[in-house]
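Once you scroll down, you'll see the structures, which are given as structure tokens.
Note that chain A is present in both complexes that follow, paired respectively with chain B and with chain C.
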Partner chain A sequence: MKKTVDVSLPIGPVHPCFKEPARIKCETAGERVLSAEVELGYVKKGIERIMVGRPWQEVMFLAERICGICSVIHNMVFIETVERISNIDVPQRAAYLRVIVNELDRIQSHLLANYSYCYTIEHETLAMYLINLRETALDQLELITGARITCAYIIPGGVRFDLKQEDSLKLSSAMDKIEEDLSRFTAIFEGGPMISLRSKDVGILTRDDAIVSHAVGPTARASGLNADQRTNHPTYQKLGFKPVVMNSCDNYARVMMRFKEVFQSIELIRKCIKELPEGVIRGGGVVGEGEFTWIGEAPRGELTYHVKTDKYGRVIEIGIQTPSIMNIEACAHHMLKGVDSAADVTSTFISSDPCIACNER
Partner chain B sequence: MTEYIYEKDLFGMKYRIVTSPIHDKVITCLAECLDMNIQDLRKYLIENLDMSFLENIPARYNSWRIYDAKSDDIISSKLCMKLFSEYIPVLKDNEIKEIREKVDGMIKSGVTQDMAIKQGKEMIREKFSKWA
Partner chain C sequence: MGIIQSIKNKVRQRSIHVCYVNVGSCNGCDIEILACLSPRYDIEQYGIYVHNNPREADILLITGAFCEQWEDKLADLWEMIPEPKAAITIGNCPVSGCTFNRRGSFVNPPVSKHIPVAASIPGCPPRPTEIIETILQLAPLVFKDYEEKK
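Presenting the complex of A and B:
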């Protein structure tokens, strides 16, 4: 059969726009992308296999090392799965503190994702503003948990450290700063004519395609899907959480979705500080035998942990499904198809916030 | 897709993906659904899908299950037609349409539905075995 392909265009595994190694193979006619494939496997960790046979105390630390950008949610979902296996209750104060830390993690992850996008479309000024603002969120994580990335803050039956009164004041003022600065940066993004040219109607993921490929997180919500696991989480339900949904399905929508979610996270943190219940932060409990599957909402979408433990609390089986698996696949087979220029391939790929570390767990 | 010389040996990496704990459960379900040898199905999937697609098989299978629960078409459901043509597109639309027409034809000619579905599964297995 006659091939209609002009060029087979490989991008990566090492590319200035990619934070982590991935290889995109595009078949193009002119500059128009006809189809794309993503090949991975450059940094495979085999962490699921390493976890098997180890006690939960070790697996807890391994879980947050799956991804350096969303380590808190890996810690949180693993611990919540273990708690459900062993019927361990969490004190209300600890549950609220978990939300604060998780939302701070979401803020820094979304700011990093949007930094990467702005950098990819050559808007370095806005990119540098955003990466600088991310430091404020990381500082707050350090203030509460004692570490910026691998915090190991959440433990079965509670959290490790309480939030002091003076720290909550610092956190509130940091939220004010992030909100004020981000309002300005969002206005730059919304009003930039060159940003619109590079982002609007580029990398379309239709609602139907998002359903078929099981896209998750901001990628799915920017395509009109009301899919957010926080709506199923008891603490978020108490806080009256409602997901943000957009319908324009393009790169612009995905980036704007993350900006909007940062504002939403700021509101959630403020609400948690205001309504933070008094009491203990650790309820105690013993991890026992059982099997459970629990889903949490990572910054990039649904994060699933299937854990089976023995009577000593050792992990004997574990399966982890990270959100980037779904989003990278949706990007490769739906968003990149029909993209008009090779330059838009990288920006579209980055707009789906791909995390190779999560994918190569 | 164009194959590059240094990409000829992706089989090992792809095999690790399809044998992960979550994939193992889903591919076992798929193999049982088609009464097919799991190793043959793994090989077929590895040869026809890229790494990102292989990683996403469990999520796509769940999407299909949600769709299938709402569907009234029993024959399509039992033959996993939508699954193999749209959600995990390893068969072409015309191939799956041809199988469906043959199954419908058998039922019209008096063959029981169960037997016709069994024959349909055999036809799908034949398509897979051309590669395996």
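Presenting the complex of A and C:
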């Protein structure tokens, strides 16, 4: 059949639904999308280029500023790479505290992603509930690390601050609050008839397409792929982590996936608080010469750091692969194809939780 | 003060429309603007509405260190906003480039080189309360008696 294109529909770069500038170019017949393309490059800063030749103490803060939403995991993966280069051991207590902070960051990131999705499908009530709940998670992050967004909590050989007894009580009660509220909001999302009309069977990414486009993170797990780098992390292995996998492949699955992962993160944090070992939070060590590649699981998928340092601890080569680029590829070439209306284009794009700042660096 | 002016003052006090544009930030400041929308901070109780449409905006919030892509686009966006208008920059990046302003990076701060900036909120990122406070302090300075000031 010959492809007939009625309108070439551009969306963005400044759009009410997007947190960041990106441009989607859709070729449509009527309102049906035949093909789509995502144009990037609006926030390219060249961070990797300015990282080269700098001591790790500076690169650590630059790594954190790659993305403001998932700043903890960028910090964590970079520091873990540096630790593996220089054979620095982490005290057990610090390793557990890292998991707590990382999971808190995941909770706030997932709640923000689901807020964006609900806002895009014009369910503003649920959106406001979710972003208000996110503040509770941010409060706990601030309580532990001292900052809301850019924490710089994780350092080679440990973490900066200890978790005090009263703070862990506050953390537990905040987890109870998040779980109680979120189970109510998840029920709203599951039961809403308009929500299922807008979300179910929209933006299908089949398992095969997910494999072809190398989708990662919640986008891949909602399509039935068991891809979670936390299973390779020693501390998560000790906690008995098992990834959540869903098979329905649509927007609804991707959003429900994130809700389920928040519950899972809450359980992980509870387990960490219960099993938190006593001891020091900072070991010690000197960053030396070497080269290593380490993969961690960011809220959006797997995050790879390849770092090469010289004997003074300066970074002489660095390569970063962030999760969103694969998910944007999956979104543009598979999910958006065959979407029925222009309104579904933005909601499908947001459901894959793209992080443009991560992507372009 | 004319009667039309007094009506305009009254209306403008409770209806400030905001558009935000990311010219190369790390997302940290953008999500702090989003946090302002949450019921805890509740930006709409002060009559501030985030629309993200430059043609109906009064105040432009700018985040980020000004990437090369925005060289011509930001000025166009600024032209689209009807008078009276004001621009507020959020975070350290639009002021100095923060950590990104190093040799070899693709940023060109400060933003005030490209469009007139009325106020800056430093911080990496600033707290949502600081953003709301700045908007509320700046708005009467720009919008009150605007027509008669000219």
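Just so we're on the same page, the second predicted complex is superposed on the first by the 358 of 361 C-alpha atoms of A that agree within 3 Å, B and C clash if a C-alpha of one lies under 4 Å from a C-alpha of the other, contacts with A are read in each partner's own complex, and residues count from 1 in each chain.
Here is the rule we use: contacts are C-beta pairs under 8 Å (C-beta built on N, C-alpha and C of every residue); 3 or more make two chains touch, one makes a residue touch a chain.
As the structure is a prediction and not an experimental result, all values here were calculated from the model.
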Task: Simultaneous placement of chain C and chain B on chain A, clash or fit - done: fit
TODO: With the two complexes superposed on chain A, say which partner A:P55 touches: chain B (first), chain C (second), both, or neither.
DONE: neither
Open item on the list: Applying the document's definition of touch, where does A:S8 land relative to chain B and chain C: first, second, both, or neither?
Closed with: first
Open item on the list: Once chain A of both complexes is superposed, is A:I325 in touch with chain B (first), chain C (second), both, or neither?
Closed with: first
TODO: Check whether A:G290 is in contact with chain B, with chain C, with both or with neither, and answer first, second, both or neither.
DONE: neither
- [ ] May I ask you to decide whether A:E27 touches chain B, chain C, both, or neither, giving the answer as first, second, both or neither?
- [x] first
Open item on the list: On the A-aligned overlay, A:G192 touches which partner chain: chain B = first, chain C = second, or both, or neither?
Closed with: neither
Open item on the list: Which partner chains sit in contact with A:K44 here, chain B, chain C, both or neither? Use first/second/both/neither.
Closed with: both
TODO: Quick one: minimum Cα-Cα distance, chain B versus chain C, in the superposed arrangement, integer Å.
DONE: 9
TODO: Show which residues of chain A both chain B and chain C reach, each in its own complex.
DONE: 41, 44, 46
- [ ] State the interface residues of chain C toward chain A in the complex, per the touch definition above.
- [x] 19, 21-32, 34-35, 37-40, 51-54, 64-65, 67-70, 73, 77, 98-100, 102-107, 124-125, 127
Open item on the list: Going by the contact rule set out above, which residues of chain A touch chain C in the complex?
Closed with: 13-16, 19-21, 41-47, 49-50, 58, 61-62, 65-69, 71, 112, 115, 128, 131-132, 134-135, 138, 148-150, 355, 357-358
Open item on the list: Which residues of chain B touch chain A once you look at their complex with the stated criterion?
Closed with: 1-2, 4, 7, 10, 13, 16, 20-22, 25, 50-53, 55-56, 58-60, 62-63, 86-87
Task: Residues of chain A touching chain B in the complex - done: 5, 8, 10, 25, 27, 35, 37-41, 44, 46, 48, 211-214, 304, 306, 317-321, 325-326, 328-329, 332-333, 359
